[in-house]
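There are structures below to look over.
Both complexes shown next keep chain A, but they swap its partner, so chain B is in the first and chain C is in the second.
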Partner chain A sequence: MEHLIECKDIIKIYRGRGIGGASRGFKAVDGISLSIRKTESYGLVGESGCGKTSFARSILYLDPPSSGKVLFDGTELGALSRKELRGFRKRMQIVFQDPNSALNPKMSIHDSMSEGLINRKVPETDRVKRIKELLELVGISYSYRNRYPHEFSGGQKQRIVVARALTMEPDFMVLDEPVSNLDVSIQAQIINLLSDLKKEFALTYMFISHDLNLVSYMCDTIGVMFKGRIVEEAPSELLVSSPKHPYTRRLLASIPGGAQRSGAEDLADEEESVETLAARAGSRQKEMKGGKACPYYLFCPLGDGECVSSAPSLRDMDGGHVVPSGHKVSCHKA
Partner chain B sequence: MMAENQALLKVENLGVCFTHGAMKAHALRGIDLSFYREEIHGLVGESGSGKTVTSTCIIGLLPSPPGEYTSGRILFDGVDLLGLSQAEMRTYRGRKIAMVFQEPSKYLNPAFKIGEQITEMLKLHLDMNKEQARQRAIELLGLVGLGKDGRVLDSYPHELSGGMKQRAMIAIAISCNPEFLIADEPTTALDVTLQLQILRLIKKLKDLLGMGVLFISHDLGVVKEVADRVSVIYAGRIVESSTKGMLFENPLHPYTKLLMASIPDARKRGQRLATIPGRVPDADATPSGCAFHPRCPLADERCKTENPELKGKENGHAAACHHAGESWNI
Partner chain C sequence: MDLVRFFVKRFLRLLLTVLIISTLIFFVIRIIPGDPALIIAGVDASAEDIQIIREKLGTDRSLPMQYLAWLYSIIRFDFGNSMISGESVTKLIFERFPLTLTLALMGISIGILVAIPLGVMSAVKRWSLWDYFGLVFSQAGMAIPSFWLGMVLLLLFAVKIPIFPLFGSETFAHYILPALSLGFGRAAVILRLARASMVEELSKEYVITARAKGLTETMVKYKHALKNALLPVITITGIELGYMLGGAIIIEQVFSLPGLGRLFLFGIYQRDFTLIQGGVVFVAIVFSMINFLADILYSVVNPKIRVE
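This part shows the complex of A and B:
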């Protein structure tokens, strides 16, 4: 199947301006390569600070990557001029976590939604028609169009933000924690809405979340991130039922309310106590110095000399199957 | 009943109303909760359902005005906390009843070292001198997993990670061996792996110190992990209350059932999630009768006018619903 997004070795370094000149900078994304097929939902999970959002911003060229290539529908985004890039921007949209800061409080929702369309010189009659259709589609009455963001609830605001992203008729949508600010009973409404829209417009999603339950429900493929790298990638059933990387196993075991919800009962016993983890991290701190070690070595229950001398790269876990399962792991011990 | 006498803290028919001009918001509309020693009581609800108001009432920090008690009492060791003066309440707050908040960075004072913030409590409530307090603070840090050498004592909050800050908050809360601990969404701001560690810590401390714990969360999974007893709150009323096992195995109230069904997980892949139509009513416009009736699939005429009582079965599983236990196609 055709790929909509192909990334090769994306690296994003944020240059720090420390006292007394430039510091070494912070590598938020450390060489990620991944591909997303058309109409696929790709889930990116990981803890805060692991580089999920930096990666998403990089591939959308909101914050161009420090190195690496992004192919969007076969076109390399890095090679485009600003003007050409603007043409592609329309096809990729992002929905942020907090709908309160995503909507301008001084603009009515109709104005907020018109902005992009006006920029694209869409005639007024079409504009109004499209806004009307989309608002009704996400479950907001068109008669509310002249209201301001504060007059809506959190769930309604998130619906409006989604509708606004759709005004541009995108192919690719990045959903960055789209429901984590919402109430439990509202989350399900928005998730169903996103599923419906995906079918209706044949959208491709990249779903960023820390919630493995949600991602394993929504997505076809899941990539697990740790310290700027993908440590494991697999079709979601496979990742949840037979996680290979020790970090993925730890994440699954940490899901509150019992790992059995993800069908991985045997993980519950694997979770180690804080003291064990802290002691291990303390004793291994020195070995990490060279910068060659596997980033997870610090916490890994399986690590040994091999993990210190070289960092593993993402490799296929097929083990002689004729049909590739798509299960990739970055671990010497998997 | 024996169990009633043993309750460490009892909230009886508590009603709270916030007044803003002509608008009256009934945040709590008569709730009953009992807390026992060595038991974690989870309180689950969505935002605006009255979870946090409940905790501020217990710890005596309800802002008044605009808040006002309309009914009920809070009994702690036979004393009605609502009848105490501010000065009397101060001998309870922090000493016997302590609280851990959601956002540790907001509640730790950034200008003081962690050690100073712990010893402040010890000096005030337990009349310790400087050296005793420091020794005790080192013990406490060890207890919450922040190292036995007391290095963290001389750190400022900004030098600690989110998980460490929450541990420091917990150390402050348990510094005076409280009998009752309120944990208000203590892990919501934390990552999943840290979350589990903090939940385990709270469980461990509960056993160690024999505290009763009120654990507030919006996350059913978290409550399932940590609580012994669970109450579900909706629009200022307890709608269901039971031991954890019974509640999760056989929820009686349609709201509880729908909440559970609406949580996504890998096994529901490909199916539509059950949703609860509409949203939580505002406290100034609570629907008549059963507050859940506009969103309830089982609602009938009676639900619109008659507010159901929280009725218990013999096994202690109580639900406030005219149709408790009835099933339907979710």
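This part shows the complex of A and C:
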């Protein structure tokens, strides 16, 4: 199937700025390449601060990448003029983690929703119709349209944010931890809503989360991120049933009941205590200097000299199968 | 309906503030050692003379009676007569108030006109030359005392290059230099706040959402972020204006302007108790009213406050 998104070697560096001039930059995204097929759900997992959000904002060109290419439905976003890029915006939307700050507090939800449509010169009757349909679709009464964001609960706000994004009729939606700020009881509602909407509008999702469990439920493919890189990528089933990268294994082992679900029998034995990890990281800190080592070496139970001398790159794990499984791992030991 | 209730609540708060301040003034004046009647009459006065003055001042009555009389006089906006000149304190204050009001309004206007564009530009072009200029400007504005700036401005633009008049308050031109010296420091404070507030708003996700809607950068920054960023600026501007309406003692002194600040200063020199207590209550009322107006304005432009 055709790819909607193709990213090649995306790097995002944040320059430290302060009085006195340049300081060292921080590499939030360190050379990620990935592709997402049309109507696929791609899940991006990793701990907070690993660069998931930076990566998402980069590929949407909301905060352009420092280097690398993004092809959106065959068009290279980086090559577009500002004006052309604005024209593309409608096709890709984003839902943020915190619904409280995602809506302008000074605009009624109707104004927030209609703004993008006005900008695209959609006639008023169509605007009203679409806003009404979408609000009702996400379970918000149209009669609330003139209310302001603070008059809604967190879950309601998130539904409004989703409806707002859909007014643009996007092909691609980035869901950046859309439920982690919500109560557990509301989370399921939003997740189900997102699944339904995906079917209804044939959307392509990039679902960002630190919750591997949730992502494996929602997504067709999962990419595991560690320190700005993808360390393992595979179809959800495969990733959960036979995780190859030690970091993925650790993530799975840390989910309650994750080991049983996984089928990777040895997983339960691998769960290490925080003390063990910290002790290992402490003793390996020195070896990491020079910058050649695998970023995960610091915590890795398998690491040896090979991992210090060179960082692994993402490689196919097909092992001679005729049909490619799509399982990719970045580890010398896998 | 919410809005009306909010206004009423704020107005009651204003009244409460004025009541508390009036009460404090009343007791502070009475705690200060020394009988005002004795001070007025002088050391050689006879007991009868002192008694007459006491009756005139009302200090011969019981404390609760005096307190009620004091509150009643505030309601009528009648602060009694000056102990020195015998003129009505209310009249003295209102003679001086137009000058102070003009100066304060001009000062705050200069502050706003300089600070908001500069602060917003600093935030939008963060860490650029613009921003450094803004930061240096605000640092200077806070560090340079207004009297020094006033004297330098007088020296430069009234003495060396005489484009502005030196002293007096007859024409508009007389107000420009004092308003500049007053506004500079205010601008510094407002600039800092406008910059910080704009930087904060620009980092919020609704700004990114606006960008995702395909709006132009101008729309994103000025329609979305700026409107929210200006909210705290309203409050601080109200407070700054309130301060200035109490009279700018130093600037009035430097430019020999007969404003409220100097009136109260001379009242203090001459131990004119009625003038001082009337002045303090007047300033408190004006300050509370300005804050009340700022709150109203804030609530009109910010839909969020009304519900809380």
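Everything below uses one rule, namely that the second predicted complex is superposed on the first by the 321 of 334 C-alpha atoms of A that agree within 3 Å, B and C clash if a C-alpha of one lies under 4 Å from a C-alpha of the other, contacts with A are read in each partner's own complex, and residues count from 1 in each chain.
Rule of thumb we're sticking to: a residue touches a chain if its C-beta (ideal position, glycine included) is under 8 Å from a C-beta of that chain, and two chains touch if they have at least 3 such contacts.
The model shown is predicted, which means the values in this text are computed figures rather than measured ones.
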Specify the outcome, clash or fit, for chain B and chain C once both structures are aligned onto chain A.
fit
For A:Arg164, decide between first (touching chain B), second (touching chain C), both and neither.
second
Partner with the higher number of touched chain A residues, chain C or chain B
B
Look at A:Lys106 in the shared chain and tell me whether it touches chain B only, chain C only, both, or neither; answer first, second, both or neither.
second
For A:Arg86, is the partner it touches chain B (first), chain C (second), both, or none of the two (neither)?
second
Using only C-alpha centres after the superposition, what angle do chain B and chain C make about chain A, to the nearest 10 degrees?
70
Can A:Arg57 be said to touch chain B (first), chain C (second), both, or neither?
second
For the overlay built on chain A, what is the smallest gap between any CA atom of chain B and any CA atom of chain C, in Å?
12
Under the definition above, what is the set of chain B residues touching chain A in their complex?
46-47, 145, 191-193, 195-197, 199-201, 218-226, 258-259, 262-269, 272-276, 279-280
Residue set of chain A touching chain B in the complex reads 47-48, 153, 155, 183-189, 191-192, 195, 210-214, 216-218, 236-237, 240, 250-251, 253-258, 261-263, 271, 273-275, 278
Hey, which residues of chain C end up touching chain A in the complex?
126-127, 204-206, 208-217, 219, 224, 227-228, 301-304, 307
For chain A, which residues are in contact with chain C within the complex?
17, 57, 60, 62, 82, 86-87, 89-90, 92-94, 96, 98, 101-106, 108, 115-116, 119-120, 148, 150-151, 161, 164-165, 168
